[in-house]
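Data first, discussion second: the structure below is written as structure tokens.
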Amino acid sequence: MYSSSKPAETAKISVRAARPLEYYRKFLEKDVRPDGRELGEFRPTILNIGCISTAEGSALVKLGNTTVMCGIKAEFATPKTEEPSNGYLVPNVELSPLCSPMFRPGPPGEQAQVLSHFVNEVLNQSCCVRKEDLCIKTGKLVWVLYCDILCLDYDGNAPDACILSLLAALKSTMLPAVKYNEETEKPETDSVKTEPLHILSNPVSSTFAIFDDHLLFVDPTVQEESLATGTVTIVTNDNDLCLVQKPGGSPVTADQMNTCFERAFSRSKEVLRLIDEILHSIER
Amino acid sequence: MVDVLLSDAEKTFIIHGIQDNLRDDGRGCEDYRHMEIETDVVSSTSGSAKVRLANTEILVGVKAELGEPSSGKPDKGRLEFFVDCSANATPEFEGRGGEDLALEISNMLTRAYDCPKCLDLGKLCVIKGQQCWVLYVDILLLECGGNLFDAASVAVKAALYNTCIPTVTVSQDEGHVDIELSDDPFDVQHLDVTSAPCIVTLSKIGHSHVVDASQKEEACCLARLMMGVTEKGTVTALKKEGSGSLDPSSVEEMMETGKRVGQALNKSLMEVLCLEEQKGKKKEKTGFLR
Amino acid sequence: MFSCYIVTFCSPRIRKTSSMAGMELLSDQGFRIDGRKPKELRRIQCRLGVFNQADGSAYIEQGNTKVLAAVYGPHETAGGRGKALHDRVLVNCQYSMATFSTGERKRRPRGDRKSKEMTMHLQQTFNAAIMTSLYPRSQIDIYVEVLQSDGGNYCASVNAATLALIDAGIPMKDYVCACSASFVKDCPMVDINFLEESSGGPELIVATLPKSSQIVFLEMNSRLHEDNLSKVLDVAVKGTKDVYQVLDNAVRDHISEVSAFHKLDQS
Amino acid sequence: MSNSSKRSNLRVMSAELSLLSRPDGSATLFQGDTCVMSAVYGPGEVRINKEQIDRATVEVIYKPRSGLPGCTEKSQERLIRNTCETVLLSSLHPRSSVSLTVQEMQNSGSLLACCINSMCLALLDSGMSMKCLVAAVHCVLDFEGAVFLDATDKEEKGAQACVTFVFDSVDKNVVMVHAVGKYSVEQFNKCMSVCRTASADIFHFYRETMTKKLKRS
Amino acid sequence: MPTDSRRIAGPESSTNPYSFCTEKPRHDLLKNGKRQDGRKENNLRPIFLKAGVVSQARGSAYIEQNETKVICAVYGPREVVRKEDFSMKGLLTCEFKFAIFSCRERRQHQQDIEEKDYSVQLLEALEPAVCLDKFPKAQMNIYVTVLQNDGSALAAAITCASVAMADSGIEMYDLVAGCAVRVAGKNLLMDPCNQEEYKPEDETGLTNSGSVTVGLMPSLQQVSAISSKGEIEFELVKQAVAKCVDVCTQLYPVLQQALVKSVSERQNEEG
Amino acid sequence: MILFPKHSMSTTPEGNLGQRICHLDENIICGQGTYSKNGFVYSSRAGYLHKLQSQDDKILFEVRSNVATTTVPSIDALVTARITNVTPRFCKCAIMSVGRTLLRETFRGQIRKEDVRATEKDKVEMYKCFRPGDIVVARVVSLGDAQSYVLSTAENELGVVIATSEAGSTMVPISWCKMQCPKSLSEEFRKVAKVQPLFIQYSGT
């Protein structure tokens, strides 16, 4: 803090705001981040599954301050003629103006669109939900699962939070039992009985930020994202990789990529354990 | 809303006057301005009405079309309100400039008419769950001279009164359903609008409240209470509008006034409408040609 | 209005209605659908100064086509200095149709392609007629609202806007009068209505400055043989001159009325 | 898949520079049947709300062959833009804008790679200062784990994984990766090494194309 | 309807599975003086209210009334971008949204008419409570999202938004508490849940059927919002409003407590 | 289900929003965070009530909270801003903090040529006073127009506090109008504020 000649008046010059890059370098020299985390450390992850009862499946994820909620609504639709026994999975990410001053009201901006596409790719490529499982009557009636992911607090690393909330919500999804009446050609929904959705694999995302062209750290906050010279997102699918994305930015070596893979796989185990724990605690 | 600019002195003048039950155009606090109602003004509609309330001019056209009933009410017709603020009223409304105001008016009207007893929509059902009459009530705002909501609701009620819906006969053969409309201009059904609501807007100015505020008075008013009132005195919609707040006691007073004025308004409106209908085709059509 | 129409339901069984089928645009006796002679205009009724708040306003009925026009300005350009023109006034138009004005309900009063085109045409027409250089850096708004449409919307709009501009006291080179014409059975027809318009025949729309016989706007749709063009054009231009007579009378009546009022005021 | 379609090298590439007269640089690139046209404008004036005081603002517009751009195209656009930002020396042109339009002409596989390569050629054509060149190489993995370089659209459909790498011309490090599907780390690394080797061909192609252009003028 | 190219598109049309339920549950509003969830006519649901939940926002709050869950964030004061909105008084804007999965029926991405109507009502409920003259030339933006709607969403949103505004440190004349009541016959059901809320399509056959929502500034005893739906007898409207005013006054300590907590928490963080 | 965990109750601050503090009489002044209505003093903010004695023996009530107090630039307030654009007549800047409050979003401001320094106003050359990227401390002169606030650095203590040299390192002031780069030792012109960089603390560390 600095004070001028008149003691009553002060002007605060925050180096963090005025010179954020220098500020960060000072910390990273000592291999620690301003919020006290090590470079490979994720923020505390809090998971709440089944918090919205109007949705067929739902989950709330807090990754530090970043808060993301995923709600899954199931509806009936007629299948596409070219894939008569496939259901639909429609993921959308909403970065509403509520979650950060960066976002303005109106149609989704570039970041939201890119995120929606990312989630869509993960959902389709990982095959964690078989689209054939969503068929009620071939060629006539299938389920469409609208997976809407709503960001409530944006403090960086939305991809990881989105994928985690999506997986947790899918795992908690209970679809109402349906019978297809051949005579009336109309479905009959059971208002009480429900069936769980089969989840075949577990995609988990880990995002790394590259700082000053060489330093890699995991789970960036919003400020770290703005300072980073590049990011790498790795989505693991159990023991395989599902998606690796590095959208430009500082070049990385093959060795650095491999370090990221290792951390991503260990993160995947941590996250899956967490989901299992929470699901168990609900069942009990 | 369309604002007029007033100086503080002008505002004080109006506020003080209203305290003494004297308004700048000589009315008392519960008096409406001169209102002219004319029905059947646009021949391309099923029913229409034009209302001029001092400088406020509103034209309403009702078009009856066959459509599907809503899933929640399969055995009823539909009523759809659409408000268009014409740029003729003020350049501010050009393009999409009037949309906010238009939405506010149509929302208020939708809400006021959204109860089963206001209008018997069951009569508009043609085939349950499949075909019904949809009444598109299109409100065209042509000039703004204050108190748009009241004027719009009066015009809507008048236009609905004027609405003729052709008689339909449903015939069934070989699994096909034919709907035949009568082309006899006298073989029509009318709507019963006796219990349809009128909106009464009460503007709080100073410590008193007035009905039918002029534009100048609206500029002095921070909080308004809008009520949908039926002839019986029931309330079909209630809404506070404006950036000010109200005392619970004055809310009650305003509601009392609203009910009283609303009932009177409904009554005299029905009288006027009946009178006009009796004149029938004999009356000289004037429309905008004075 | 309630001429018999049938809605088929479930099965696409469309029964032709009786009233319009077989109707001829021009009967052998030389009468048109609405009973007019080929060179006869529809009845024009109009009034100036319908609104108090606008700087100028007018209402016109041409047969069953009814149009309201309002004029605001000249005033400061809206939307910042960027739009202002340094050497002349910006003529800003908006053409809008009431949702109930047409036979089938319109979903939107404006913003569709046709209204936008009409807006542009009006703008071009009045840019040519208003003495634009008198008010540099300002703006004049012309708003046209079609209340009921039965053909010749553009013509009625131009005529109404002319009256409104006169009511607003905006200097113009001349009245702008518009009229349409068609060509049926080797016979040019003036001031065509909606049925005649939608029959698929040629349609010629012209707006003129009647005193100097200058054409400020001309549009033609559909096919017309070159040899017949001048015939149809002549009829349409003649139509605009007739319209001018009606408008001029209305203006004179309005002015004498207003000035009588003023005299009353002064005495 | 028939053996004849198996490819361990890239499809034939051909490019035309400066086809368009309005932009400051443009390139049309064919990789097999895939064709992309890129145009660069700038450095030029920047919209005031996008102005950056220390460097040029890079804007990329990706135009699909038909229809409106959706989420997929936006995603594509961002990958191209970020790659472009990485290679451009944008701090040389503060408060200005560099705008790039990438038009998809035909997609017969390896579209993203073709987009980035054509973008790089367009930048070369415009004579803008760059840190390095970039080469994008696409490959697919089939279900037996074999790698197909520069896959066609048919091969992409039947693949286990689709991978696009972008390497820089200096250290041949990875500038951009987009890899989707189901694959192991080893497979990923194998793809990377195959693609890295193939990137040399692309850099060579750049050199040839530029030599041709400079000879002409 | 033009397709929204900025979102991942699903099938052209889809229908709610619960509209095909074989038997539709019917419930009586009141049975032996008790409501479906066991409450009495006058009882409210338990309220959980917490301020300061969104780290990126200037002020924020979250409210939970059993299954009704609303989150609100406030941003600003920020610059007014549009020249037409320039004024020496502060500008307040409000955007109300139902999350897509918040209701039994799937909601749309774009703001619909109901949400726009609620936005306006919320804005007019808060405007009288905020000292607008303290931030000339600037605007405050309020964003409200209903995460789950189990009735009385507008009332909860009013309460939540006023606490979020206070949490932002902007000066206010008073807080605003919201309360809703369902009128059915001669009964007044406070704080109705979704099944109890007035829906015009329900044929109840009652002469009085409707709902009233009131926003009140408790300390100043000023009504800042009032809205009703359905046809209600005049005397009952009066009663309903009076009752809402009463309940809002009772809610005041709950709002204050939430604020106190957030203030003292921040004190602890910094001190 | 509870989305956000509940916390235990803590002490009640005295001034809560909307709460009536006392009767208003001539000996009472409404300070920050309070307002008067209908003869009472009310609190307009959630925070801690402070009762202060003013110079003329009057009682001043203030409600203070640790949440930002001043959030918009007001006349006479000290602000820090980053220079974004320099022209011969004025420079544009983005206001980052007001008083001690850091803003989440910046406001636009401008320093006109005649407000750069107190003396020899007509000899000011803008390019020798500010460069884009500099951090300055300035005072708000007026709320300006819709575009920006008008700022002034016409005091010794006001002016550039942090600046980067062409070589890219943070410069050290060497006189009231010059700064020096520690790396390249080149000197650059600035309107330097009279404050040593030592006094600028790295807040947050």
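All chains are identified by letter, namely A, B, C, D, E and F, in their written order; residue positions are counted from 1 within each chain.
Simple rule for what comes next: contacts are C-beta pairs under 8 Å (C-beta built on N, C-alpha and C of every residue); 3 or more make two chains touch, one makes a residue touch a chain.
According to UniProt, the chain labels map to these proteins: A = Ribosomal RNA-processing protein 43; B = Exosome component 7; C = Exosome complex component RRP41; D = Exosome complex component RRP46; E = Exosome complex component MTR3; F = Exosome complex component CSL4.
Given the structure is predicted, the values throughout are model-derived calculations rather than measurements.
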Chains partitioned by contact, subunit E not counted: A, D, F | B, C
Chain nearest the overall C-alpha centroid of the shown protein atoms: E
Chain at maximum distance from subunit F, centres defined as averaged CA atoms: C
Pair joined by more contacting C-beta pairs (A-F or E-F): E-F
CA centroid of subunit A to CA centroid of subunit E, Å: 28
Gap in Å, rounded to a whole number, between the CA centres of subunit B and subunit A: 49
For subunit B, residues contacting two or more additional chains: none
Interface hub residues of subunit F, defined as touching at least two other chains: 1, 3, 104-105
Multi-partner residues of subunit D (at least 2 other chains): 70-71, 74
Those chain pairs that satisfy the touch definition: A-D, A-E, A-F, B-C, B-E, D-E, D-F, E-F
Subunit A partner contacts - residues on subunit D that touch it in the complex: 70-72, 74-75, 77-79, 81-86, 163, 166-168, 171, 173-185, 188-189, 192
In the complex with subunit B, residue positions of subunit E that touch it: 19, 113, 116-117, 120-121, 124, 127-129, 199-201, 203, 209-210, 212, 216-217, 220-234, 237-238, 241-242, 245
Of subunit B, residues touching subunit E in the complex: 70-73, 103-104, 107, 111, 114-118, 222-223, 225, 230, 233-248, 251-252, 255, 259
Of subunit F, residues touching subunit E in the complex: 1-4, 6-7, 9-13, 16-20, 33, 35, 37, 42, 44-48, 65-69, 71-72, 104-105, 107-108, 143, 145-146
Touch list for subunit E against partner subunit D, complex: 5-9
